[in-house]
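Read through the structures below before going on.
Shared between the two complexes below is chain A, which pairs with chain B and chain C, respectively.
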Partner chain A sequence: MTASKKIVLLGHFGVGKTSLIRRFVENTFSEDYQVTIGVHISKKTIEIPEQESISLIIWDLEGQDDLKKTRSSYLLGTNGFIYVFDSSRPLTFENLNSELKFLKENYPNVPVKVVGNKMDLVNKTYLAQYSSVFKPLVDFFVSAKTGSRIETLFSKLAKELI
Partner chain B sequence: MNQDEKLSIIKDILLTDEREFVSSIENKIKILENTVNKRDNLSAKVNPIIDEKLKTFIKEIPDTLGPTITEALKEEIKNSKDAVVEALFPILGQMVKRYVQHEMKLLSEKINNQVNNTFSFKRFFRKTKSKASGINESDLILQEQTNTKIEQAIIIEKGSGLVLAEFSKNKMADEDMVAGMLTAIKSFVEDAFKKESQNLQYIEYDLYHIHLQNFSSFYIAIVVSGAYNIIYKDKLEDKILKFASNQKVISTLKNKALLTKKLEDFFKNDGI
Partner chain C sequence: MLEPYKKKYHTNNFQYILVDDLGCVLETDNTLFTVQKDSLLQTIHPFFEILNSLLQIDNDCFEFSCINLNLEKKVVIVDTIIYSQNKNENLIIIENLTKHYNNYQLAAQTRNESIINSQILELKNEYLLEKETFKNNFIANFSHQLRNPITASIIFSDLLINSDLNTEQKNYLDIIQSANKDLKNRIEDILDISKIESGKLILTEKVFDLKKLLNDIVNGYKFLASKKGLDFNFVIDENIPEFIKGDQYRLKQIIGNLLNNAISFTTQGSVNFKIALNYIRAKKANLRIEVLDTGCGIASENLDYIFKRFSKIESENQNIKGSGLGLAIVKYLISEMQGNIKVESEINKGSKFICNLSFKLSDYNQILKEELLSKQLLGLEKKYHILLVEDSELIQLTILKILAATGNFFINIISKGEDLVPNIINQDVDLILLTNTIQNFSAMDLTASVRNLSKDYKKTPIIVLSTLAFKDDVKRFKQAGVNDIITKPFDEKKLLEKIYKYIK
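== the complex of A and B ==
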């Protein structure tokens, strides 16, 4: 029987959480920005090599500039977090340290993947400029627009959850 | 006789016909002016022509303008579906409402006739039940005649919203998504009212009623179609509580296959 795991995506408004999920679940992308209100739930079952399949129940929460403002009941029973920021907007990752600290303190046993989205909008020089922030904290740089590294992100997290 | 007088006589002789012609033209112009400048006279002349032209134009509209108008309307409807729905909704809503009211009236009359004209043990039993419960006898008959069905039953983990077991007669919707959304809605409502001891117990969606029964670490969602009233709710609550205690749900929460089997065995019949 396929196991189900709850994945919650967190991050500021407009960082591309919904686009990232849509790329992963439906393999589609749209430039039109529609703000998420409350929560939207998606599901995708993935096969883990030499393991069973796993159903990821993905909770796409509305953006918040501070994790403390997120409705805590939405985070109950989470098996894995994906913290998303917009690589091209420093405002969305300037408090990364404190946001991750909040997650580690309140959900100590839940794995967290830190993801910089919109990689298609930045270049190497820009990344180097923020390397002191990115290097120790960021797990993946992805692009919902091109689909780059999104499958890898979810399958790596899924493997950690089994 | 001087030169001018002679010339005048010659003119009279030579131009008599022309003068008469000029005079007749002057008269005709006066008549025309009278016709054009006076509204009544002009109307009398022009109206029959316009009427005739209009009749022809109206007759020819389907052939001449019809295809253009149809095409324009089609395009307009295609481009603004929401606006069309907005415009039609109140009209259709009223029509449906009137139809339903009419049908309900007929049904009510039928039931009243049935109540008044029949005598049986069943009726006696129903009357006693009506008096005891305070529910109108017609409502009881309605309940007897309405086909209430359990469409889906889901056991959902509190907090995470993950499905612990599920049974459905017809695959209505993905149980994981339904469970997730129900949990999110429950969390939102319960947070909003900020009363931990209170739980969301019921959601109505389209033709379905979703009954939510809360336990300590999980809750059970039963999707019902048909009439869902206070009597049915009470019976369903009893049935769920019986399921939870008799089937030892708490001890089998980790065993999805076994719990699913128990859920199916218990809820596959509609009778409660």
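== the complex of A and C ==
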């Protein structure tokens, strides 16, 4: 039987949570920003080499600049978090530390992947400027626009959930 | 009577579903969407996968709001309550709130977009500002470094002109001098622009003789025009006030720029310069300055560009190149003086620049006071001791030549900062000329070391020869006890004027 796992995407609004999921699930991208309200839930089954396949139930939450404002029922029964920020907008990662602390305290056993999206918009010098924040905390830099590293992100997380 | 309304507005918006502990549908009313009895609710929409874990718990209630369900090819946004009960019979109530949430969506959309846009704008702004600051500092520093060599070049060519030269050599020297002047003006322009852009260009207010200033300007440009075979007409309205208060240097710069352009872009015909009084109101005179030429003119599509900075002018418009930064500075100066400027032009017919400027009225007494000071320059009775602290041999030589030529001074030159104090203790010094670029020492520290010696040295005039020309720099020097500043590049006249001013 295929196990299903609930993955929740968190982060400020407009950082590209919906876009990441659309790239992963439908392999599409749009420049138009349609604000998510409440939650959209989608599903994708992926094969993991030499393992059973796994169904990811992906919860795409309305963006919040503070995790504490998130409706707690949405987070119920989560198996893995993806915390997304917009690499090109420092305000979306300025409180990264406290956001991650909140998750660690309230969901101590749930793995968290920290993802900087919109890599296509920034360059190396820019990243270097924020390396003191990025180096210790960020797991993946991705781009929903180009698709870069998105498969890797989800399959890495999925493997940890088995 | 209420029943039909309740049905329409309440019942129709709710779906009730009973499921067993695995999520299998036992009964439902199908108001919002159709589910088959005995089917697994999880297969209807991935949201219901949540049941797998929730239904394991007995006698609890879970509320989910604002869930977007994509069902039967349409989106409904619902609130859901799940009552898990212990008799293998669990109740799910789904309320359709699509309309309500869609309104909220619109509000959130506007709010988020405007927040994100303002963040992006702010970032862009920050980035641009950083770039601008970097550029302005670079320009300012670079122009400072050009000052020493240009000063030397100006002064030595001035000295050469009085030596024995044949006609050919004199002609060459003419070219060098005019190139020097040009170079100096361009550096001043670049500095002005960087001052403008960093908000450091500040206008001064002093009483001056307007008619005299105009005549000085006109004489210079009349000569230039006649060299090109152009008629130069100057019309002055006799009603204009004689003494006004304002920044005479900048006014000269504005008029000079306009006249200079008019002459450069005109190959035949005339340049007309008119100045008239518009009106006097609230003790202020509003003047109209008009410069008209019969030159090549400016195409109407370029009229917008001519007051913009060099990037635009040089790249996009070949036929007005050479006006360089001048008009951008003119425009800025005029707007700082609360005035306005406009241009009318026709290709191959000529251009007309008109600007209106207000100045406070003043009187002769004010100017007398200021003139008195400058008259004290002349007629020295004894020779004075000047101590020059400068490590550039070029500047040493330059100053030595100028001062020696007057016959009024004994000059002592040192090139190390640490020799300053021993030197002034051991001999008479009437005035110290101190460069601000000497190795290992700042002019401010050196000044402090002199001022701290004893009461006798508190009053020894110290003039700094500086490559730093910003108002802030000048202020810092003065606070450190420096009496005055001569900015590089300087010429003979400027140097002597300042020295005479401080020698009694």
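As a convention for this text, the second predicted complex is superposed on the first by the 162 of 162 C-alpha atoms of A that agree within 3 Å, B and C clash if a C-alpha of one lies under 4 Å from a C-alpha of the other, contacts with A are read in each partner's own complex, and residues count from 1 in each chain.
One rule holds in what follows: a contact is a pair of C-beta atoms (placed from the backbone, for glycine too) under 8 Å apart; a residue touches a chain by one contact, two chains touch by 3 or more.
Everything numeric in this text was worked out from a predicted model, so none of it was measured.
With chain A as the common reference, chain B cannot sit beside chain C without a clash. In the superposed pair of complexes, A:S4 makes contact with chain B and with chain C alike. Measured by the number of chain A residues touched, the leading partner among chain B and chain C is C. Shared-chain residue A:N123: touches no atom of chain B or chain C. In the superposition on chain A, A:Q34 makes contact with chain C only, not with chain B.
Look at A:N109: by the touch rule set out above, it reaches neither chain B nor chain C. Of the two partner chains, chain B and chain C are each touched by A:Y74.
With both structures placed on the common chain, the touch criterion links A:K43 to chain B and to chain C. In the superposed pair of complexes, A:S132 makes contact with neither chain B nor chain C. Among the listed stretches 1-9, 55-63, 163-171 or 397-405 of chain C, only 55-63 clashes with chain B once the two complexes are superposed. Shared contact residues on chain A (touching chain B in one structure, chain C in the other): 4, 6, 38-39, 41-43, 57, 71, 73-74, 76-77. Taken in their complex, chain A has these residues touching chain C: 4, 6, 13-14, 33-43, 57, 62-63, 71, 73-74, 76-77, 88-91. Residues 157-163, 174, 176-177, 180-181, 184, 187-188, 190-191, 256-257 of chain B touch chain A in their complex.
Residues of chain C that touch chain A in their complex: 45-47, 49-50, 52-54, 62-68, 77, 101, 104-105, 108-109, 112-113, 115-116, 119-120, 123. Of all residues in chain A, only 1, 4-6, 38-39, 41-43, 55, 57, 59, 71, 73-74, 76-79 touch chain B in the complex they form.
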